[in-house]
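Here come two complexes built around subunit A, the first alongside subunit B, the second alongside subunit C.
What follows is the complex of A and B.
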């Protein structure tokens, strides 16, 4: 019989993926994809300065109707991005909040969500 | 046993404008460095580096500055120093830049390095002297600091004339 071997790779993934939703309680104009990315970069710039704003962050999917998006960020900047999204309070002087729904080092894992499973 | 460790960053203020010398003050320099950290590293970086940040020593004649910060955030501080481009005091702004000479764990190691560095700088000044009386002055300072071990312990800090 072959010997059992387990390999664990920690911090081996290059990118981290986040599914986020922007909550804008007042019914005003919704940001389009470019304005959404500008908002994310602004949040990073406020909390982490020019170094944070230069993090390679990509908006892979953006739905304007539900204001939800899938972001990709390099793994070393994951903590900076999540903390910047948490502490962002205003979009064009309107109150807003980012809710992070799922995160994973694999994009495929974001396709299913066991919280919204209907049994 | 568990103590707060600091890092002391020794820098030199270099400016083309000769009037910049007189506006080198500890408060103006501290504000300029904190402003640069806020621009480069944001609110988080500013708060991290400000915990134990102070300008420990300042010599306006030679432009030597000694900054102190926590050991956990000295890399944030050192990476923001090239972004200090001007010093402002009394409503006057002078362009300048900071040269990092040495990072040490205590004031004493920074002082030892500064003495060594000043000796080599005096030698270099001697080579670049233009007229005779400057050369005499520099030679006199060099002789006074190159004595043997026991005598050189008193009056180690020398000034440029």
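What follows is the complex of A and C.
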């Protein structure tokens, strides 16, 4: 029997990735990529102040048609970002909601979604 | 009805529709709850399992006077039709009464104003022993920034006293956009000071326990249990007929 060694790494991932979708039901102007990033930073500022707004968040992919994006945030700020996105209510005085579809510490894991499996 | 459709798509497995009764106005009658089967002829199936989504009905009583609690004791036929009963106390005395003697499932904690009373440990511990859950709402936090501060400060003071046990987080959503998914709400629990396991329980296991508490409240009128009696040694050898054997009740 070959001897094997098991290593468990806790909190080793540097970044956390989130796939989110913004729901804007009224048919108004859709935000472009820069405005989307501004919205995320505003959400962080409203909930966690200047320190939250300074959190290094990147928008890796943004699709304007479906208003869905993949965000990357440093692992220590993951809870702050997610809670800020959850509690955001308004975009330019229009009601909106963020739906977080998938989160993972690995970007590859965001490619498959078992909830959208059509059996 | 559109709110419920969104609930199902986001991934909840049981939803409760709330009616709020306020006692400040003069004439208040408890109306019959809207039966869920009227809204949806057939409920969709929960993602990932093969069971259908449950839709329950819930009543919230806003009490600001001890005489309002008499309604709970009266056996009004309409109260029994609701699955879950919640009470919203406005004063410290009523909070104490609700935790210790009232027959409810949930005690709502006000998140829209600064609490007029401080939580004390004895009534909270008694409520935890009785199986009553404390409820926090998160939808006001989405609408207004002052409400956000009150929500978080009230939640933190509750956590300090009850150490995160028996908490249920729910939404008072009036529009489908004010609803958030279950994992998002569990993340909010982390903001309030719960640990990760407690936060997830606040959305899943505690809610289910509150539902079961409501069911037992509706159904239990008395409890029968059997106790094994030690067998007495028979001196005679003749077989005792079955009807004479000691019946254990």
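Methods note: the second predicted complex is superposed on the first by the 119 of 119 C-alpha atoms of A that agree within 3 Å, B and C clash if a C-alpha of one lies under 4 Å from a C-alpha of the other, contacts with A are read in each partner's own complex, and residues count from 1 in each chain.
Convention: a residue touches a chain if its C-beta (ideal position, glycine included) is under 8 Å from a C-beta of that chain, and two chains touch if they have at least 3 such contacts.
Values in this document were obtained by computation on a predicted structure and should not be read as measured data.
K.L.:
Using the overlay on subunit A, decide if subunit B and subunit C clash or can fit next to each other.
P.N.:
Superposition result for subunit B and subunit C: fit.
K.L.:
Based on the superposed arrangement, let me know which partner A:99 touches: subunit B (first), subunit C (second), both, or neither?
P.N.:
In the superposition, A:99 touches subunit C alone.
K.L.:
Looking at the overlay, does A:86 come into contact with subunit B only (first), subunit C only (second), both, or neither?
P.N.:
The answer is second: A:86 touches subunit C but not subunit B.
K.L.:
In the combined three-chain arrangement, what's the angle at subunit A toward subunit B and subunit C (CA centres, steps of 10°)?
P.N.:
For this superposition the angle at subunit A equals 80 degrees.
K.L.:
Please indicate which partner A:74 is in contact with in the superposed arrangement: first for subunit B, second for subunit C, both, or neither.
P.N.:
neither
K.L.:
Return the chain, subunit B or subunit C, that is in touch with more residues of subunit A.
P.N.:
Of subunit B and subunit C, more residues of subunit A lie in contact with C.
K.L.:
Regarding the shared-chain residue A:23, is it in contact with subunit B (first), subunit C (second), both, or neither?
P.N.:
second
K.L.:
Between subunit B and subunit C, whom does A:47 touch in the aligned arrangement: first, second, both, or neither?
P.N.:
both
K.L.:
Rounded to whole Å, what minimum CA distance do you find between subunit B and subunit C in the overlaid structures?
P.N.:
Minimum C-alpha separation, subunit B to subunit C, in the superposed model is 5 Å.
K.L.:
Once the two structures are superposed, pull the subunit A residues common to the subunit B and subunit C interfaces.
P.N.:
Common interface on subunit A, subunit B vs subunit C: 46-47, 83.
K.L.:
Could you please specify the touching residues of subunit A with respect to subunit C in the complex?
P.N.:
Residues in contact with subunit C: 23, 25, 46-47, 79, 82-83, 85-89, 95-97, 99-100, 115.
K.L.:
Going by the contact rule set out above, which residues of subunit B touch subunit A in the complex?
P.N.:
37-45, 79
K.L.:
Considering the complex alone, what residue numbers of subunit A touch subunit B?
P.N.:
44-52, 83
K.L.:
Please name which positions on subunit C make contact with subunit A in the complex.
P.N.:
Counting only subunit C, the residues touching subunit A are 10-11, 47, 138, 141-143, 145, 148, 175, 177-181, 183-185, 187-188, 190-191.
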